[in-house]
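Paired with chain B in one complex and with chain C in the other, chain A is shared by the two complexes that follow.
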Partner chain A sequence: MGILLFFIANIIVFFSAIEISRRIRLNTVSDKILSVLVIGTGQIILTELFLGVVIKRLYYPELLLINALILGIILIINKKYKVESNYLNLDKAKLKRVVLDLIKSPLLIILGVISLVLVAVITYLGINLPPYGWDEIWYHLTAVASWYQAGKIFMLTVPDIWNHAEIIHSMTSAQLAYHMSVAGFWYNVYPMNSELISLWNIIFLGNDTIVDLTQLPFSIMGVVAIYSLARKLGLRERLSAIAGLMFLVTPIVIIQSKTAYVDITFGVMIITAANFLMGFMKYKSKYYALMVTITSGIVLGTKSSGVAFSILFILLILVIDYWNNKDEYSIKRFSALVSITGSLTLLLGGFWYLRNFYYFGNPIYPYIVKIGGLTIFNGLGTVDGLIMMHNTPREYIKSSNLTNIISSWLEKEPYYSVDIRKAGFGALWMIVEVPSIIFTTYIAVKKRIKPLMIFLSFFILFFLTQPANWWTRYTVFIIALGTISTVYLLDHLNIFTKVVLSILIAGLSVYTTFSTLSYLGMNDISYALSRPTNERTIGGTFYSDFLWVDKVSKDKRIGYAPMTFVYPLFSPKLDNKVYMIDADIKDKWFEKIDEKRIEYITFLKNYMYYKDWIKSYPGHIEKIYDGRTLEVYKIDRNWRKNEK
Partner chain B sequence: MMDELLKYTKLIGIGEKMKNDRKFSIFELLFLISILVAGSSYFAVPEQHKRYEHALTVLKHAKNFLLG
Partner chain C sequence: MNVRAKTRRIFSIIVAAVIAIMMIVTTIIWSFPSLMY
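Coming up: the complex of A and B.
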């Protein structure tokens, strides 16, 4: 039943997105496909926000109904105000010619086969393994599971420590960072558009079977976006397709495609926005500016650094619009464009910042915002103090940013992982794509090829805009620059060099795919896959400290004192009710345990005072688990009743 | 050497194209040298060998898993 509902919901959103896209007149087939994907994503985000924040009934029947309503309304509108009936407007003869041309390229066939295998492997792993990335079981999916159970989007209960301003303001940034990483906090302050897509993948199925595949469709969307960008630079279909597929053959893309993280979604939306920006320049059509704005809104709501990117996109729209209409430009036009782009961007991504402003008086809480010496918004610390200093590899702290970028690209870390810092782009990037960027830039400047120079400038600007750009997972968008530069050279080199380059791309693609396998071993995936299907839970595979969750029967009320990984407590079917139980004094903590009728209470063994407190709990308790990091107690609620 | 190369490339249908193509210039030479430099810098990093060995082990596990 869940699968059928999920299928129907996706069909509804797909057709709604097509019907809305019919009104947005884009020039190419790939732009039209991207428009459907962007609008579909936007529709999921907005309908969930509406139900979860305004109506406070975010359940699957309501979600299905509201999307069906949208489809109905847009169908009626489209019928009344005629739109072109053949949306993609495919020329069959041209399509046949393109397909025949594509299959003639051995390099494209090799990349195509590798990509198909990769997508199949990622899908298999996504379906057969539980989520196990640190960030997803820490905060991404903890928020999603909590919203799913409550049927609304709300501020999760935070550990008591965050209610004591005098304590937190007396801490050093190192102490703050420590408490932030242990005592849940980020799920209430990060922008979470991508988590709404994860929720979409849970809400109809009623379990988390495919939640780890949330980013895979965005990786595939990245292929289309790069293809489309390359076409705008005048590259042939065959070469554009090669550039697109090279994106998939990047370790960080392969690995993160099987996670409910947000980096691929973020990076691909930036590439897509860049594609529409180039379209706005090329076709001078307002519809392209509209698509940049919608995509920019999704970027804004996906990651905090999206603030800088969305401002940049709006500025670039303004510059291009001025350039396109120099003779008749007016303040009125400028004001109208700023209002439309600003409000549409805020509509799609601004909610999370407004929420922060409402609760903390700072849209990007917990970060302090200063302009010059003036504090505009107060917070707990700077991005550097709270995040970067503690996440930067030690040898990177004293080196220049350029040295760090080159170190990461040379991949000085022996294995790949979801959160990898000193690697992630693979051999193809460093050996072929980086030199190609340099030589393509040379051609662009020497021959004054304007579109190419603008494309290169856009991506260099994006790269400089992104903080900590040595960290490959933050700069997934830059792969587009490398793959398109490479195929640009493939089109412009002499045939001998072209053959050498093609052989290198094919060989290094195979090598990169193969070396990415190191990631599979590092996370003991082969062990996890060898477990019986019903034992492939988070506790049964990667984090044995949560095995006890599988052993207690379902629908339990589980309480936890501040701890890092909360998501595993929900169980794969998300049927346990999970509550944060915290207080500054013991008796209050006990009161909260009883008030929520907690049946199992768990806490970290080495964090704060809960281990001592539990010993004097006034009721019948039994320690059922004493693990490496956690202790778990079963509370006999009937015993309390009998006592009374 | 160029003739040899032409002979082999003829096999994959580009020999004629090579004859008619523009000459191999300093630009192409510099590009190939840069790839060589980037490649040797990349594979000189000791961690690449560890990654490679690890991938081999994983492949063995995968083979055992698939073959039961």
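Coming up: the complex of A and C.
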């Protein structure tokens, strides 16, 4: 039943997105496909926000109904005001010619086969394994599971420490970063558009089977976006398709495609926005500016650094619009464009910042915003102090950013993993793509190819805009610059070098794919896959400290004191009710345990005072698990009731 | 050989040389990770 509902819901959104896209007149087939994907994503985000925030009934029947309603309304509007009936407007003869040309390229065929294998392996892993990335079981999916159970988007209970301004303001940056990493409240302050897509992948199915595949469709969208960008630079279909598929064989893309993280979504939306920006320049059509704005709104709501990108996209729209209309430019035009792009961007991504402003008086809480010496918004600390200090590899702290970028690109990790820091772009990037960027820049400048120069400048600007750009997962968008530069360069070489380089690209793609997938041979993943299907839970596979969750029967009320990984407590069918139980004094903590009728209480053995407190709990408790990091106690609710 | 083809040939040789150097450098680095620090 769940699968059928999920299928119907996706069909409804797909057709709504097509119907909306019919009114946005884009020039190429790939732009039209991207438009459907962006608008479909936007529709999911906006309908969930409406149901979860405004009417507070975010359940699958309502979600299905509201999307069906949107489809109905758009169909009526489109019928009344005629739109072209054949949306993609495919020229069959041209399509046949293109396909015949594409299959003549051995490199494209090799990349195509690798990509199909990759998508199949990632899908298999996503379906057969639970989410196991640190960040997803820490905060991404903790928020999603909590919203799913409550049927609304709300502020989750935060550890008590964050309610005591006097304590947190007396902490050093290192202490703050430590508490943030254990007892953080990131699920309440981060922008979470991508988590709404994760929720979409849970809400109809009623379980988390495919939630860790949330980013896979965006990786595939990245291929289309790069193809489309390459075409705008005048590259043939064959080379553009090679550039697109090279994106998919990048290790960080392969690894993150099987996660409910946000970095691929973020990076691909930036590439897509860049594609529409280039379209705006090339075709001078307002519809392209509209698509940049919608995509930029999704970027804004996906990651905090999206603030800088969305401002940048609006500025670039303004510059291009001025360039396109120099002779008749007016203040009125400028003001209209600023208000339309600004409000649309805010509509799609502004909610999370508005929420922060409402609760904390700072749209990007907990980060302090200073301009010069003046504090504009107060917070708990700087991005460096709260996050980067804890996340930067030790050997990166004292070296320059450029050294760190080159170090990461040279890949010094022994193997790839979900939370990889010092690698992620693979062998192709450093050996072929980085030199290609330099040579393509040379070609652009030497031959004064304006669109190419603008494309290169855009991506270099994006790279410089992204903080901590040594971390490959933060700069997924830059892969587009590398792959497009590579095919551009291929087009400017003599036949012999072109063949040799193509063989090298094919070889390195195969090598990169296998070296990335070889991490699957690591013991924990092989072990996880060898388990019976019903035992492939987070506890049964990767984090044995949560195995007890599988052993207690479903629909339990589980309490936890501040701890890092909360999502595993919900169970794969999300049927346990999970509550943060925290207080600054013991008796208050006990009161909260009783108030929520907690049946199992768990806490980290080495964090704060809960291990000592539980010993004097005034009720019948039984320690059922004493693991590496966690302790779990069963609370006999009946005993307590009888005593009273 | 016309000028255009000659230029393309020289450019191709430079590209091939640089990429070959990158291959050698990265192979050495990956083979001896201790060189990095």
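Observations on the structure shown:
Everything below uses one rule, namely that the second predicted complex is superposed on the first by the 639 of 644 C-alpha atoms of A that agree within 3 Å, B and C clash if a C-alpha of one lies under 4 Å from a C-alpha of the other, contacts with A are read in each partner's own complex, and residues count from 1 in each chain.
One rule holds for everything that comes next: contacts are C-beta pairs under 8 Å (C-beta built on N, C-alpha and C of every residue); 3 or more make two chains touch, one makes a residue touch a chain.
Model, not experiment: these values are computed from the prediction.
In the overlay built on the shared chain, the residue A:D101 is in contact with neither chain B nor chain C. Of the two partner chains, chain C is the only one touched by A:E395; chain B is not. When both complexes are overlaid on chain A, the residue A:F496 reaches chain B and chain C alike. Using the contact criterion defined above for the overlaid structures, shared-chain residue A:E62 touches neither chain B nor chain C, since it reaches no partner. When the two structures are aligned on the shared chain, A:L517 is found in touch with chain B, with no touch to chain C.
Ranking chain B and chain C by residues of chain A touched puts B first.
Legend: residue contacts after superposition of the two complexes on their common chain; A:I431 is shown touching both chain B and chain C. When the two structures are aligned on the shared chain, A:Y415 is found in touch with chain B, with no touch to chain C.
Legend: residue contacts after superposition of the two complexes on their common chain; A:D575 is shown touching neither chain B nor chain C.
Within chain A, the residues touching chain B in one complex and chain C in the other are 410-412, 414, 427, 430-432, 434-435, 439, 489, 493-494, 496-497, 500, 504.
By the touch criterion stated above, chain C contacts chain A in their complex at residues 5, 8-9, 11-13, 15-16, 18-19, 22-23, 26, 29-30, 33, 36-37. Those residues of chain A that touch chain B in the shared complex are 410-416, 423, 427, 430-432, 434-435, 438-439, 489, 493-497, 499-500, 504, 514-518, 520-522, 526, 529-530.
Touching chain A in their complex are the following residues of chain B: 5, 9, 14, 17-18, 21-25, 27-28, 30-32, 34-35, 38-39, 41-42, 45, 47-48, 50-52, 54-55, 57-59, 61-62, 65.
In the complex of the two chains, the chain A residues touching chain C come out as 395, 407, 410-412, 414, 427, 430-432, 434-435, 439, 489, 492-494, 496-498, 500-501, 504.
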